[in-house]
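Have a look at these structures, which come just after this line.
In what follows, subunit A forms one complex with subunit B and a second complex with subunit C.
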Partner chain A sequence: MPQSVPQPSVEEIAALIDSQIALEGPLLPILHAIQSACGYVPQMAVPMIADALNITAAEVHGVMSFYHDFREVPAGRHVVRICRAEACQAMGGTALAEATLARLGLEWHGTTANGVVTIEPVYCLGLCACAPAAMVDDRVVGRVDAARMDAILTEAGA
Partner chain B sequence: MKVYVPRDSAAKALGADTVAEAIRAEAEKRGLEIELIRNGTRGMIWLEPLVEIDRGAGREGFGPVTVAEVPALLDGTLEGLGKVEEIPFFARQTRLTFARCGVTDPLSLADYEAHGGLRGLRRALGMSAEAIVDEVKLSGLRGRGGAGFPTGIKWDTVRLAHAEQKYIVCNADEGDSGTFADRMIIEGDPFCLIEGMAIAGLGVGATKGYVYLRSEYPDAIAVLNQVVEIARKDGLLGGDVLGSGRAFDMEVRVGAGAYVCGEETSLLNSLEGKRGVVRAKPPLPALEGFMGRPTVVNNVLSLATVPVVFEKGAEFYAGFGLGRSKGTMPIQIAGNVKRGGLYETAFGLPLGELIEDVAGGTASGRPVKAVQVGGPLGAYFAPSQFDTPFGYEEFDGAGGLIGHAGVVVFDDTADMLKMARFAMEFCAVESCGKCTPCRIGAVRGVETIDRIAAGDGSAVPLLTDLCETMKDGSLCALGGFTPYPVMSALTLFPEDFATAKEAAE
Partner chain C sequence: MKDFIIPWDDDRDMGTPAKQGKPVTLSIDGFEVTVPEGTSVMRAAAEAGMQIPKLCATDSLDAFGSCRLCVVEIEGRRGTPASCTTPVHPGMVVHTQSEKVRRIRKGVMELYISDHPLDCLTCAANGDCELQDMAGAVGLRDVRYEAPENAPLANHFEARNTSGATNPQWLPKDDSNPYFTYDPSKCIVCSRCVRACEEVQGTFALTIQGRGFDSRVSPGMAADDFLSSDCVSCGACVQACPTATLQEKSVIELGTPDRSVVTTCAYCGVGCSFKAEMQGDELVRMVPYKHGKANRGHSCVKGRFAYGYAHHKDRILHPMIRERIDQPWREVSWDEALSFAADRMRGLQETYGRRSIGVITSSRCTNEETYLVQKLARAVFRNNNTDTCARVCHSPTGYGLGQTFGTSAGTQDFDSVEKTDVVIVIGANPTDAHPVFASRLKKRLRQGARLIVIDPRRIDLVKSAHVEAAHHLALRPGTNVAVITALAHVVVTEGLMDEDYIRTRCDWDEFQDYAAFVSDPRHSPEATEMLTGVPAGELRAAARLFATGGNGSIYYGLGVTEHSQGSTTVIAIANLAMLTGNVGREGVGVNPLRGQNNVQGSCDMGSFPHELPGYRHVKLPEVRAVFEDVWGVELDPEPGLRIPNMLDAAVEGTFRGLYCQGEDILQSDPDTKHVAAGLAAMDCVIVHDLFLNETANYAHVFLPGSTFLEKDGTFTNAERRINRVRRVMAPRNGHADWEVTQKLANAMGAGWHYSHPAQIMEEIAATTPSFAGVTYDLLDEKGSVQWPCDADHPDGTPLMHVDGFMRGKGRFIVTEYVATDEKTGPRFPLLLTTGRILSQYNVGAQTRRTENVVWHDQDVLEIHAHDAEVRGIKDGDWVRLASRCGETSLRAQVTDRVSTGVVYTTFHHPDTQANVITTDYSDWATNCPEYKVTAVQVSLSNGPTDWQEDYAAQAELSRRILPAAE
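Up next is the complex of A and B:
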């Protein structure tokens, strides 16, 4: 997977920073814009953001690392998020998550060897009345059982 | 013929998009003229995808509809649920905040207006700021995010503060497990939130609003962004709100996966582009909030309830409820239940009636063991407490909280020691790290519960003591309320904490 890490250009990053900088409190929108364009926030963007906002690179790093969403390295081609929260637990979410991790031979946040699927925990997708829930990239799935998860992973190519 | 297929995430998660596509294709194949409307959800999630068909004599419900059933659906041979509004789960509700959700096309401002929308804002435009705030005070509306602080009093503090710029910040960081009402109204009736924020702006003298919406809700983000654009184009937002000469505009900001940002001061830090750590209070956000300026921070449901208060009057709204819990609460029933979904009702309904009667007990058919009310920081309730009426003070008196009114039901296979451990683990993962009782306490809590699980009974008083410290010493509700689920599990279900010990002996 790391062999194909996309390396955006300085100009691309500068344009993304520029597109959000006029907002009040622009740091999160900037990080989101970069991640949505590149799939992660490359290290080279950190000093550029710091410069643009007149804060230190350490502050940018501090903000980035505080939030679960921002990645320093790209994820797999698809991100499968399984809800670990209580409502999903009440409907067998824990067993589903454990079986999925075992099938893929991964720990949470791991990526399959072929770089296709990254598996992440999520704490609530707001699908608590059709638990257990998962999200494949931006697509929500409810009442996930072993068969459904199998179909999701197969479709993703894991 | 009008056909309604919800666009709500929960409906989509159960296949609504493919059903909608199948209906469109089948109708085209037959040369049948239909108007396909992607409405919000009615909140009866166990029936999703709940398709409604209006042939001119009211909306008939069908659900859950599968793709294979679509031909029969259009033939008129598929067995239906009758009139949607007569389904008991729906008919028994008092829908004030959610009056339009599931009824209208969420992206149509005309539809919104045809169903009572904008009447509240028009009325507010003719009132003084003080009168607006007084109306909210009179309605008895309290913060629906969980704290239950009187909304009108918060607004008054901001109204009386002097500043060049004030803000309305909507807390849509709905991270509590078992809650989805914010998501549902944003996806199903988003103009209602915009109208509520605009009224808040008029009331306190704020011209700018932000909605801090969690990144786990991509569908809600898309809908709200779309609707803000429509509102701007049609003059509901901008420099001249509904031609009044008054200004109010808003922006949608996306969170980044931190649960603690649902706490209002963390949210403000996050919105400013900082780490989402909690701020000590005072100063109150009402005086020094976003960018250090006076800011109303309200939950989605509080703001989305404001339009109906102004449309029907504060007294009408305050006429519902129980004691100091006035009006209605959109209760979210989730987890192991037969009929899960959103149930808006006046405060006062006993918890047991909600679970056994409204929700029909567990989905698994096994007995109910425990019910967690109010998200991951809410206490577990045992069936022996099912007579507790749904209200802020009533739940407080029973050692719990209603929070954002999420109700998660567990059957008798639930292991309450594991649930207590999960509460501590969650707190450890999500702690912002600012205060020690939460940051360190949660980690030690997990370890202490593991000791109990391994048979070390002497760890029980230690856990109790730790919970006391977290409760008294934490800066915000994350560390301060994690003891609720932990201690309620320990107190109500001691057998789950004792079995391991006895087995070890």
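Up next is the complex of A and C:
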């Protein structure tokens, strides 16, 4: 786990909640604001959000856990997502995924020991014509083979 | 769990809630069915006697449409809609059984079962499982989905997959709650528990975490279990669960029950109806009864689960006597105990006079038992020395509402809250003390009703999930009258009163006087702000909201009555309700939330020293004549002694003997040291109780009592509802309480021969006009009735004062604020106020002897961070709490729930004895003690005070029991 990400303070979280609370349906905007500022939504934010919206921590947890992209723990510096949907599987995505996990020595959602890469499955990037597809941070990559994945991981520093 | 025992024909699960609306006729499987508009197809079919298979639907919850088992075909519509979410339509033609829907249901069920263990024979819900029933109903014969060899599993119920690796989807059982378990491996994710927690209980402690195949029921947030979450253990989720996922531990241990009896909870004044589900004479579980009119199928942690005290090892089952209170107890036969008691009592009367002995009736016993105890005083002791614990709680309600409206009781039924628009909650904490009512109130608040809370403490209703009070008037303890009069001032001076209502329903001349009184500028919110601590603007806004917001109802508790001006506050509340035209229809009214299960009944039954049953004064010869005819004795026309007077007289030496049934006056009455001195001065104290309670430390005779499970009778709840209590097991002590009282009376020569409480009720009906129509047959037929029940109201009276007040014209009474004599000063700068907590009940005699102590194992002192800081007190420190009367010590909890200058504690634990602190100031009209205001000082301490240690030693000494002689 990367140790470098500091735990945000109560005041920082409160300010982020405040920045969104005037919106209609503010729960998702608050979660987004915290995640984009901190890289994840720390558990200590959950009761604070609940209190601000006058709902329970359980409800916040229910919403947050519904969306896979909200993180409870910080991710690595780069997030590599490999598509696991049908078209990519048909074009060798499964082998690519297995090879990548083996190379990094990780399970899905794992982060390399140096905190550089987090590897995640994703279900369809809409890039079926260029399968197998992957996504590196915000950038999608098509026709990923072992060499291209190796280049991606090397560039990331894994 | 589903109701698999059907002793009452109307107890089926209809699938979705009942609706009201104009009739709609449709055809289901060829049968014409007429149901109200808005009813679901599923419920319409159930009304016609056809059960459509279902899993995620139950009639306590709104339809959800997730399980897809209840699909039907409707002519002229495409596809197969879910019958639970499809409302009926005129002329609709529905087919609940066809080849197509049968195939769909079987396919859905096959998928459910593919992710469910097949350990039915050893499962706690065996025979009580809707999944099992539905698998049977859809004719599932085979499951084709099997885990491949040496591969990960796609299921949630096997801890290890076929190659022996752990299954990451498997979660262990959560048995953190003392009363039920959560076994995720059996969950079908129907969301019934989550919805029950939201819709029925209103706590929102559960959620579905994740999505798709990862969806799991989760209490609280990621790291929580049931105990650490917001769960209040009301049992609604357990009730809703169709499988063994949420299961009572008692059922896991004992197995499924085989019969059930409908009875009434013996905890608070809500009076919930329960089904006691039994195996022989063993109680397996208590399940809230769907047709109970007070609770409508809901419950709280006390009634649902906290019945274990009946079998606690502390319970005394044999009568005991002793010559002096410093001796150990000696177990004796019933005959010996009763003749010992009778001889002593008669002896005292011979030596010290007829009026030297008395009784205290119990608000926890049945109406019939209470009636007998006061009859014992009046017809056998031949005096009026009878009082009851209502003295220390709601006696001002009786007085105040009697004076203004003409009856000493609340005006509404609990269903009325569903029609209210603006609610004032004053001096009550329903989420802790009346949880089932609180759930119904919160449901209405979520629908949009507004709330005004008048309380020194920030109770949960002020702000908790999905509930927020529009106004919280955090007044200084003791200034209720000033605040309510100021509300009336705003209503009158701003012309917001309902003049038509006042002219037609109330005495106009008295209103003129009253209006002149409240209009005086000295009652304005601005003038009283300094005194009450309530900002004037906030108070004005609250008054305007209440006067103009639609149906306005007022619910109040002991924070109103337990003051030196308790009766005045009740009158002020009644004035405010009349002023705004809020008495006499649904959704409005003045509603005292009664503390104990039968405190209304014990007042009705003539427990007070000046009133015969039905609130009729003993001075009136025509009233005495009614009872003299039936009882065959001449009655004393002089009112007797109230509890505080009995204790004063005991200290003086003129009152020498007491029969105290089911009440622990030493712990519950104010100024413990004075109570102890009074009891110690008596020559014969007879305690009739389940346990050696604190009062029994000073008793000479102990008569073991019976629990509500062991006797027949009736309780009357806060809405005047007379509910049946039914015996489900034989009394472990040998006799029901009414039999014990009868034996004592007969030992004193009374010659009573009641053989069933129904005969006592006949006598009550014959002598008491408001009970004239009440019989056990009627109660069995109707389930319950609300008094008055007589020739004019044969089915009882849900709403009072509909066409006019009982006393004729409603009476406005001037409410001058007089500050209490209990004042803060340099030595005692803080005000102590007291209350209750959800998991404990009253003095805790019952709940302390159950697993409920998990939630509250000691009383703590809530203190504001500012007051704590200047005293150097940190959270969890031992502190000494001292008043002019006494001192005790307990742990502090630093909080902002109380304002600065106010501290708060509960009185559930005898080793704290909050009532050592409270003073003997009391209500001017009724002597109701001023528990809610005591000037105190708080300081750091090392541990229990000398008094606490002495008391504990004395209690231990006085509880010694000699082994029974062989």
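We take it that the second predicted complex is superposed on the first by the 156 of 158 C-alpha atoms of A that agree within 3 Å, B and C clash if a C-alpha of one lies under 4 Å from a C-alpha of the other, contacts with A are read in each partner's own complex, and residues count from 1 in each chain.
By our rule, contacts are C-beta pairs under 8 Å (C-beta built on N, C-alpha and C of every residue); 3 or more make two chains touch, one makes a residue touch a chain.
Keep in mind it's a predicted model, so treat the numbers as computed, not measured.
In the superposition on chain A, contact is made by A:Ala85 with subunit B only, not with subunit C. Judged by the touch definition given at the top, the superposed model places A:Ala97 against neither subunit B nor subunit C.
Of the two partner chains, subunit B and subunit C are each touched by A:Gly62. Once the two structures are superposed, subunit B and subunit C can be ranked by residues of subunit A touched, with B on top. Of the two partner chains, neither subunit B nor subunit C is touched by A:Ile119. In the superposition on chain A, A:Ala50 makes contact with subunit C only, while subunit B stays out of contact range. Contact with subunit C, but none with subunit B, is seen for A:Glu72 once the two complexes are overlaid on the shared chain. Shared contact residues of subunit A with subunit B and subunit C: 62, 66. Listing the residues of subunit A that touch subunit C in their complex gives 43, 46-47, 50, 54-62, 65-66, 72. Considering their complex, residues 9-10, 12-14, 45-46, 48, 174-180, 182-184, 215-219, 251, 253-259, 270-277, 290-291, 332-337, 340-342, 363, 372, 376, 406, 408-411, 414, 419, 422, 426, 429-430, 432 of subunit B touch subunit A. Chain contact summary for the complex, subunit A toward subunit B: residues 23-29, 31-32, 53, 62-63, 66-70, 83, 85-91, 122-131, 133, 135, 138-143.
Residues 203-211, 218-224, 229-230, 463-468 of subunit C touch subunit A in their complex.
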